[in-house]
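Naming follows writing order (A, B, C and D), and every chain is counted from residue 1.
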């Protein structure tokens, strides 16, 4: 991505040292996430949108093997040539692959073999550094992509396990934990921003995906944005006011989905004798009225905003507000997953580390966008239609993976991710 | 929409006179379009996206009856109270309705009864003017909407008949006609436009849909746009170069569609012993290499642009280019349907009257957009997700229905409309 | 089928005279059935299982043209060569054909053109007799098959129109008629039959389909059979007793269907403010408790029988009981359709002319069954799996089309025919 | 089932001793079958028709717990009350249950927990005998049913694992083994049988399912039956002669299936560079032309028979021929699974122990059939529609589970069982 001695604005050797540290921490962290899961838990696919844990562990490993070790590490021995078929996700340029809806049928290789596969590739990655192959800027860039790619899959690993466990009559927990309610929510307030031309997108300093670039001018109209996320308690008021049964609140496609799938509450809420409860990574829990609502689709977020007389922000409004208020993607979250006091800027809280925030913006290329050359060019560009952008990050986003310019994207009906919303309005 | 004596910038009585003329011409034109069709042709539904001719004729009539005659014309007698169920399209506020996929099962009322229904409602509309009810600005506004609503359905009537006839082994023609090839296409050239803030959207002068407003600032980046549409001949080159079999040219959703539905050419092309031919409203015709390609989806348009090393314009680039080059929506098309010398601006041709032109812009609300109050508020806003904007107009768009600011919208996989493309690129 | 001067047990010339009469009466009767229907009514297909009236009229005509006129009438001119594609039903040997689910898309040829097609073919059929081509036993046999084939389609024409009209919000009537209730039903009684070897199947005297032959020995076990059909009133008691909500009454496949399609009553029953009413060929009518229940599937008939502590008869029990009690297929029904005093034997009533009666027998070949040579060999044999046999005939079976040995067959979930049941039990 | 001192024709205590032996051998055998499988292999469901190994192991255990230990063993403690929901298959009387298509989502309980569940229940079963509860004839009868029920699931366990492994790109083997070709097939010959009334069905001596009873008279017509099964080599000739592309060979439903699913060979055959190979429980193997063809549907078996100018036997022809030729269900198969020299009668070979043999008979109740009282009454009767009977047994049928009167049944399109065919014809 850059060349000469200066990479990403730091000296190359410093950058590589830090990259190596980040790489092996990330590799180890994936294993930690999988540690509480049995071999069976790691094998099964909850639904077509989700993937098995084992597949995530193997696919992220395949990425390093296929794009770095195989072409760049002299003498590297491929662990098992059949894995290219098994663990390619969607790279059309990388040959035929196992069909996505059948990922859960891969009982072989076993969880143990995948662990061995990971160790074998980690060995290779160590050699990449030991033999200074990493000094090739193209390799360094691929290593960095590989780290961020694996971090994405760490988040998916957790959302997919939640999807799986939510379908189990035994309602298992990924990790046992009792979550204390947060007390009252911060009162809702609004911060105003002027319109005008502002810069948006990634500036090339530090890592960013291709779809965050190029940094470019965009025109904002004056707007106001809420200081915090919509809460479970507020969502409950929407439900009690007939939110899920009032057609005129909904986009036409959304209403069809509500009726076709019988939506009546966020994805993981279910009725019990004592009212609603919520399936979580820690098993069934009470619903905390002060906590941000999670696992709602774009259709639901949009309907809620209409019900509240507001709208969702655009992705540029969100980014500008976050930048102006000095929201810090990694600030408050010292302890990794599930720290409730998530990242906060001046006046705006919960910008990161709680739930991904639906925006009104459809996922499109930025002016001047070009996908990278080669196989990684398939990474983001080919999904630029029919999806909506989400901004911020969630409570299961790995440390170091949040950015002001990050663009997450999902279809408007999807809701198994940790997704919520923040309101906005015209000023 | 406006008030006082001045409506739409003209004196009220003048406006009403012109509106009456336009109304009854439009009402009559719908009948002319249906005239070549048998009772059976008018009854059947080609597919779920399409509607029967008879349904179009009755639904547009129901619109006038339900929203104007029933509430505003004292003493008006409803033609048949059951028609509210039969001919409501999607207005959730107007009660239960016949399911869309079953519109083609309505053998009753007959084509003759629908004609009588139209006459009855036309009678009422005449009274609206005779009794000066039309001087109520709300009524006048609804009448104007009704005209434009019916014009939209005139276009759909034709696209839906083509869809129906294309599925008939007899390949009937709506009107018999032999179309002469156009000769060589104009050589492709490019017009450059500077970036900067420009105004876009409807300014309230003359009729416009809610979704075209408000007029607002938008920021353009420097771009170039093609002087004409992509031709059948150019499309054929794309096909011959493996366009439909090269995964990397396609959006992921598009590639899934190509494979799932076996797309190999535009919708109405089919192979014969002498090569490809094309089903049209005039029956099967040769494919004219110089004519604009039609009946391609957004997925196909996007893949073609990628193959050509270009991209599609945004809707604002299109609008700005059209405005700057004085493209005249109604200029060159004196004679109604199917005049090939379609509207042209300085340097840019084929902006109107050929095929709707896919843009890169997803269909979203303009800054400050508010849907109108009342039932007509369901008209445009509730479709603002997952669709792409098309600009211009087509050879089957009725006279007077084209505008620089017109926003048509369809799902990226749809292709039964007269849809094509014009290329653009960053300057 | 027969040879020498003796055909079907009568002298050939006598047989041919009678055949000609029957042929042209049948041809005319089809037209009469279609007479109350508009062009639109005749064109549309209610569902995949059903066909449009126009298609029935054309397909039965195609049968004569394709199998008799084209090969056997010198100088015959095919009416329109494209009709072989349009109106072939399922004869794999006769080339490619229009897909069944799209029969309702054939707006062309029009109802008028199909009438002309019928006249053209009738002309040819007259010549067949005038030029004595009919004396060729193979031709005579095909003519006879053609008559019975058209009679079958006459019944389907009516059941398919009912299916279509039942889906119309206007609930049209094929013919206006008010049906008076029948008064109290005959008290239920049981007739016993001994077991033993009996003969079953068609003996070659008069017309019979291939699937009714050969006449063969079959072994009965002692049984008792009800004197009449199950009534609407009895069915209502089954419903009120939770018949449609008690899983243990149902075959597993039936229960899945009940739940998947929300069955709660016979097909054409619907709830009104005054209780259930029934859609019929004469529009919506009250439900007569004494009349036989109609439009129930095999699954429902079987569940009812289990609820009643009985079972359905086998097809051989039915045939034997009918033969022993001298039930006369054509006796009491002088006046054609909808005569309620349907055919009756000694002690057993309603064997014919009310509703087809589901039997416990799956539709299988008789011992020694051979499909006929040639295209008509596709007629019955290729459906001999997964279907159940129904015996008797219905109120819409044409005069002369009922037989003691007639085997009708449908899938166990189908219920749009005039289908009901008679109970039986082991003696 | 019987009472007094004489059970099943032997003295009660003797019977119970043998039952106990059989029970615990069967329980242990299930574990042996699962032994080569990993936890993941045991968890995943290949398709909706199949179930996971773990589910088979738990469900058969639940059967003993639910129907025997819980109601009959005083002081028995239920292992986990949630398992009633998890491992009920289809017993409507036993309350709500986990949906069949989601059996593979049950990653919990783990394979280890299921093993513990089995041990816990085995403990209870030992007490049943120790405390002489087994002397209650109802309990003894349920124990016997439980054994045979588990044996059925042993066969399913293997067929379902094959289905799963066939979908794996790694093509794993359940047990590694290389199978030597059998040499030339026995020449085909035909044994004739007279017609007449014969007895069929189970006589109450030894165990039999409810659907095999009552023993009753049935009438046979003279027939001939093949001395052996149709071979792979013969099937290959059918394929090479266009068997899968000739519509007229097929039942209509079968032809639709051939085209819809692209059938071109038996289920587990696939083309390789050296011709066809076959996926088996021992991994990919060469196809032995002399071995019986396996994994063909009824549709295919029926089409093959038509191509060969023969037909399939009825189930009574099969049973009579087997009885007359003294075919011994358990004779030749001393060593359990996969012994190729399967059971043979005088003149007829391969009656048992190779592949289940499709018959022409639909699966219907025998005259006088009554399902047993209570929950086990749901066992067989509710499937008596739309399926075909298969006779004999297969190479994966457990020792002791084959009988002359055994009626297996599957839908005509199913082919993942070890299914083949033997030809017959009218004499």
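Keep this in mind: a residue touches a chain if its C-beta (ideal position, glycine included) is under 8 Å from a C-beta of that chain, and two chains touch if they have at least 3 such contacts.
Note that the coordinates shown come from a computational prediction; the quantities given were computed from them, not determined experimentally.
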{"item": "Common touching chains of subunit C and subunit B", "value": "none"}
{"item": "Steps needed, at fewest, to go from subunit A to subunit C via touching chains", "value": "2"}
{"item": "Chain at maximum distance from subunit A, centres defined as averaged CA atoms", "value": "C"}
{"item": "For subunit A paired with subunit B, centre-to-centre distance based on mean C-alpha positions, whole Å", "value": "38"}
{"item": "Geometric centre distance via CA averages, subunit D-subunit A, whole Å", "value": "47"}
{"item": "Distance from the mean Cα position of subunit D to that of subunit B, given in whole angstrom", "value": "60"}
{"item": "Sites on subunit A at which at least two other chains make contact", "value": "none"}
{"item": "Interface residues, subunit D side, partner subunit C - complex", "value": "90, 92-93, 197, 216-219, 221, 247-248, 250-255, 298-299, 302, 360-362, 364-365, 367-368, 378, 382-386, 388, 412, 426"}
{"item": "Residues of subunit A defined as touching subunit D within the complex", "value": "38-44, 46, 54, 82, 85-86, 98, 102, 104-111, 164, 167-170, 172"}
